[in-house]
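Multiple structures follow.
Two complexes are shown next, each including chain A; its partner changes from chain B in the first to chain C in the second.
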Partner chain A sequence: MSMDIILAQTVVNGLMVGMIYVLMAIGFTMVFGIMRIVNFAHGEFYMVGAFLFAILYGSNEMPFAVSVLLAVGATALLGLAMERVVFRRFRGNEINGMIASVGVALIIQNSALLMWGSSARTVPPVVSGVLSIGGIVFPWSRLVVIIGAILAVVSLNLLVVHTRIGRAMRAVAQDAEIAQVQGIRVDVIFPAAFVLGVSLAAFAGVLMAPVLSVSPFIGLAPTLKAFVIVVIGGLGSVPGAVVGGLLIGLIESFAGTFVSASLAEILQFLVVIAVVLLRPQGLLGRKEREA
Partner chain B sequence: MTLPTTKPVHLVGVGVAVAVAVLLPWFAPNQFYIHLATVGCINLMLVLGLAIIARAGQLSMGHGGFALVGGYVSALLSMKGWPPLLTLFVAGLVAAVIAAALGWIILRLRGVYFVLVAFAFSQIAVLLALDMSSITGGANGLVGVPPISIVGYVLRAKPQFYPFALGCALVTLLLTWLLYRSPLGTMMAATAENQRLTESSGIDTHRVQVIAFTIGSGIAGFAGALSTHYLRFISPDSYTFWESVSYLTMLVVGGRDGVLGPVVGVLVLTPLPELLRSTEGLQHIIYGTMLVLCLMFVPNGLASLVHTWRARQHVAPANATRVVEEVP
Partner chain C sequence: MKRFELIAVLAALVTCSGAAWAEDSVTIGVHASFSGAGAAFAEGMLAATDFAAEDVNKDGGLDVGGKRYKILIKQYDDRYRAADAVTAMDRLMIQDGIHFVVGPMGSAAAVATKDQTTSGKVITMTLAFTPRALGADAPFAYRPVITTGEFSDPQVAWLMKSTSAKQVVSLLPNDETGQQIGVANFNSYAKAGAKLQVEYFERERVDFVPILTRLLMKADGLELGGNSPTTAGLILKQARELGYRGPVFVTGGDVSAEMLKVAGKEAAEGTYVHLPIDTGLPDTAAYVARFKAKYGQNMNGFSPFFYVGLQMLFTAMKKAGSVDDTTKIATTLDGLSDVPTAMGEAGWTGEQKYGIKHQIDLPFYVGQIKDGVVTKVATCDVNACK
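== the complex of A and B ==
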């Protein structure tokens, strides 16, 4: 293979992984920005989404669109239930909320282990074939992930910037109390934001299921990535999550192709330390006003 | 909330508990119980380390990472011929130095960032252990780590190792208790209570938190090394994120305030995995459920129930003045 092809494929892989990380990080940073909860269970919703899709699309051979809707919808319901039962009580209590989310992660991951077993499942590819531009081939299976993730990010952006509920969410993120005084129903916004974040994670899981294999343990790695990305991009910043996610995806892909996968992880950690030292509010984050 | 341990009743209680722990090998039905007690001692040290960090208002999700570093340092040095009794302390020191450097950088930020970076550090520690296979043995780990020997007396079997582990745990417990009663301990508690107010009283809260993180992680390094010389084996799987989570569970379920909390948490949660060994998933679900339920209904941990109960006992004889001293 010539250098061009390797480079192009590395970029495509980096963008694909990066976009998945972007989806994970946006959901994570939204939940933190609005509810002030660091959600260690975020990756478990990714795992549940991927598993449900594997069962619906892979094992039961349901139509693609139906499988996606059902997988994301069911995971969103699980998220709603968790918000009702657990997270609601820890709103604003950062430390206890975080510990509770670890408990939720333990419960979800091991319930999946008991229900679905520990063996990895593969999902048949949604599309096959390649796109060839100027002699360089891109597999459609990966392009679909990138396109799907871009669509999700764009529609989320439309929702947050142009709709009533999106404006309300941004208001709550800035100051929940003042927002409530202005007549925004915080009790509705909190679960809505949580479910939206969870749905993004579930959608990321659905997109990745045909590319990777699915097992109960796949949730932790994307959670770690979401953490790294929000520290780099700035906690609570959505553009920061996009930049950070793509940066991490590309670092991972390039270092993985040309050096070694674990070097990529160490590099990411060094980037985090450098950002914390030089620009503590994150690349695109704003300095936080202390309450 | 400091325990008023100067009362004779408490001294008797502590004495009885220590006596039971010391005499355990004589009335334990079999070696398995001694093994469980040894694991409990090691867990207690790890949870106390976590408690010291929590005392200064921080939460370390990378606690297992420091235990892993300590375990590898001690294993590698002792396999090179260093005496294990020395390498235990070297392991603690190395973990403490790493924590001090990392803490100095990340503790300047808000609590959440600290948690995220400490968590990322523990993942990196696991990856390095996997990747540097020429030194660490990769995924297979290091087998045949030398046992600890004290002036020629080799602690190879379980009944011989247990007194040493118990001694280490009791010393850690005593030192933690003394730390909590020292001026530094007060500064730590004040930092956790209200960082800005403490800062305005002229206390460098950043320094206090870095010191707490350094001490706590140093203890984790020592305990990780102790466990490695007990099991005579270490691998990257020895201390993963889920180990860090189980220490956190013990701390939260037991209680974060005094030294009693970690003891209660370890006593309640160490035997649980052994009872549920057949269904590994179920054990984790129970841990998770206990964690969430405790945070909801007993946020100060099971040890706080003792205080509540004692407070009620004091109220009963209509002696309201004595209740005042129970209030933190």
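== the complex of A and C ==
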């Protein structure tokens, strides 16, 4: 296998992982940016999305598109319920909100364990085979993940930039009080942003379910990665989440391919430490105004 | 005052009945990783304990010194972490006062709890593959499963001869279990005339494509032994997605059922697996069927070994005439040989290798996955596979 082929495969691997991290991190950073809640239960919505898809598409052999819609929709409803019951009370209360989110994460994870058992489930591939270009092999299953994630990010961008609710979300993220004075209904925007973030996490779970396996414990790693990414990109910054996600994905892929898996983990955290020391607001984040 | 006396009498009756119940029962602790990637192993261990207890209890209890004892079970999850393993063992020993434990499951857990169980004289039946799990310094630790140390050399020699592989790569978790297996496998492959390159990864990892892209460049064999069933399945699936078509060996653990679920029939086709049991034996087949009937899923291959371990423990208790003098029970257990069990006649070995005869002595096998089914292709003992 020549170096060109390995390089190309490494980039594709990095992009796939990176795009999943982007989807996770965007939801995570949106919830923080708008509600000021560091949601450590975010990865559990990824897990629930993946599980529902596994049940609908894998076990019940429902059509792919229907399975995706139902899995993401049901997870979004769970997110809405959690926002109503738990997170709404902690808006703007960062420390208590964070602790509550850890509790919610444990409840969701253990509920999944009780309902679906601890054994890993596999989901039949949505597409199989490989795309071979000039000796470079790209598994279609991974290309589908990249394409799906790009479509989700583009759709989100259109929603946030070009729609009324998207503009309202940006206004609330900048200053909730001023937005309210301007007539924006923040009591609608908060749950809408939370559900949107949850839906992105669920969609990431749906995309990854056929590539990896599904178990009640798959939510923790993406949550930690999302947290690392938003620290790198800047808490509350959606472009920062995109840059951070792709950066971490590519670091993981290149270090894992050319050096060692352990070094890939070390490198990610070295980047985090460097960013925190040199640019505490993150690569694309804004500095907090001092009172 | 009369009312107070009545309460006191009732309290005394409750206490007495509790004491009487405690005297007539023996509790077996199950100390394993019920959550996380190794949950399939833990469920197998619990099922074995459950079956062993069920069998004894349906006959009216364990007859020791003319008294019958009901077998009870108490389980704790160590979450595959050494620190949690110590806490779980403390709870079993101190809080529950248990003298017999099925577990610890992982090598890190076995090493971390060794001093506790030795000083507390708790008889353990571990799944840990590390050689450090057994030894003269752990006189109450037994291993009812056959490990890499026993099966690696004969299996690898047979596999290298059968497939002509020379450059084999292996991915293993970066912990006590993985590193011990890595060293043992490296030596076994060297003895068989092949080179094994071992790459370690953090146990939480689920995407192996970056590592596989590099490792599979020059490899003509992939070794997955030492991984949990889920992880072995994921690595196999991802290796096949990358276009790897060479032979795959799983020379450790019984991962076939779960690995097939995760990787799929197509990706697993042709994979050589360590086969700890022979389902051709009637008692073993009956155990497999019993597991399937009760749990509705395929059994992890380690499960019947723990059933055998408990059969031997119960035999030792009867012979020793005690359910709480663990020193006497352990001495009796050490002396057992040719005990009729669900997997044939069992005894203990390992004096030369571990300095203590606490390693189960049973035959093992090499299997190959063909069309989603594992078929026995060789029968082995510690010297050779045929």
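Rule of thumb we're sticking to: the second predicted complex is superposed on the first by the 289 of 291 C-alpha atoms of A that agree within 3 Å, B and C clash if a C-alpha of one lies under 4 Å from a C-alpha of the other, contacts with A are read in each partner's own complex, and residues count from 1 in each chain.
As a working rule, contacts are C-beta pairs under 8 Å (C-beta built on N, C-alpha and C of every residue); 3 or more make two chains touch, one makes a residue touch a chain.
This is a predicted model, so every value here is computed, not measured.
Peer 1: Judging by the criteria at the top, classify the pair chain B and chain C on chain A as clash or fit.
Peer 2: clash
Peer 1: Touching A:Leu113, do we find chain B (first), chain C (second), both, or neither?
Peer 2: After superposing on A, A:Leu113 lies in contact with both chain B and chain C.
Peer 1: After superposition on the shared chain, which partner residues are touched by A:Leu220: those of chain B (first), chain C (second), both, or neither?
Peer 2: both
Peer 1: According to the stated criteria, A:Val17 is in contact with first (chain B), second (chain C), both, or neither; which is it?
Peer 2: second
Peer 1: Once the shared chain is lined up, is A:Ser141 touching chain B (first), chain C (second), both, or neither of them?
Peer 2: second
Peer 1: Between chain B and chain C, whom does A:Ser260 touch in the aligned arrangement: first, second, both, or neither?
Peer 2: After superposition on chain A, A:Ser260 lies in contact with both partners, chain B and chain C.
Peer 1: Per the contact definition in the header, classify A:Leu56: touching chain B only (first), chain C only (second), both, or neither.
Peer 2: Neither partner.
Peer 1: Among the options 235-243, 253-261 or 307-315, identify the stretch of chain B whose C-alpha atoms clash with chain C after superposing on A.
Peer 2: The answer is stretch 235-243.
Peer 1: Would you tell me the residues on chain A in contact with chain B in one complex that are also in contact with chain C in the other?
Peer 2: Common to the two interfaces on chain A: residues 113, 220, 260, 262, 265.
Peer 1: Give every residue of chain B touching chain A within the complex, in rising order.
Peer 2: 59, 61, 105-106, 108-113, 115-117, 119-121, 123-124, 127-128, 130-131, 196, 241-242, 245, 248-249, 252, 279-282, 284-285, 287-292, 295-296, 299
Peer 1: Inside the complex, what are the residues of chain A that reach chain C?
Peer 2: 1, 6, 9-10, 13-14, 17, 113, 118-122, 124, 130, 137, 139, 141-142, 212-213, 215-218, 220-221, 252-258, 260-262, 264-265
Peer 1: For a test of understanding, state which residues of chain A touch chain B in their complex under the given definition.
Peer 2: 32, 38, 40, 86, 89-90, 94-96, 98-100, 102-107, 109-111, 113-114, 220, 224, 227-228, 230-231, 235, 260, 262, 265-266, 269, 272-273, 276-277, 280, 288, 290
Peer 1: Sort out for me which residues of chain C touch chain A in the complex.
Peer 2: 34-37, 39-40, 43, 174, 199-202, 204-207, 209-211, 213-214, 217, 230, 233-234, 237, 241-243, 258, 261-264, 297
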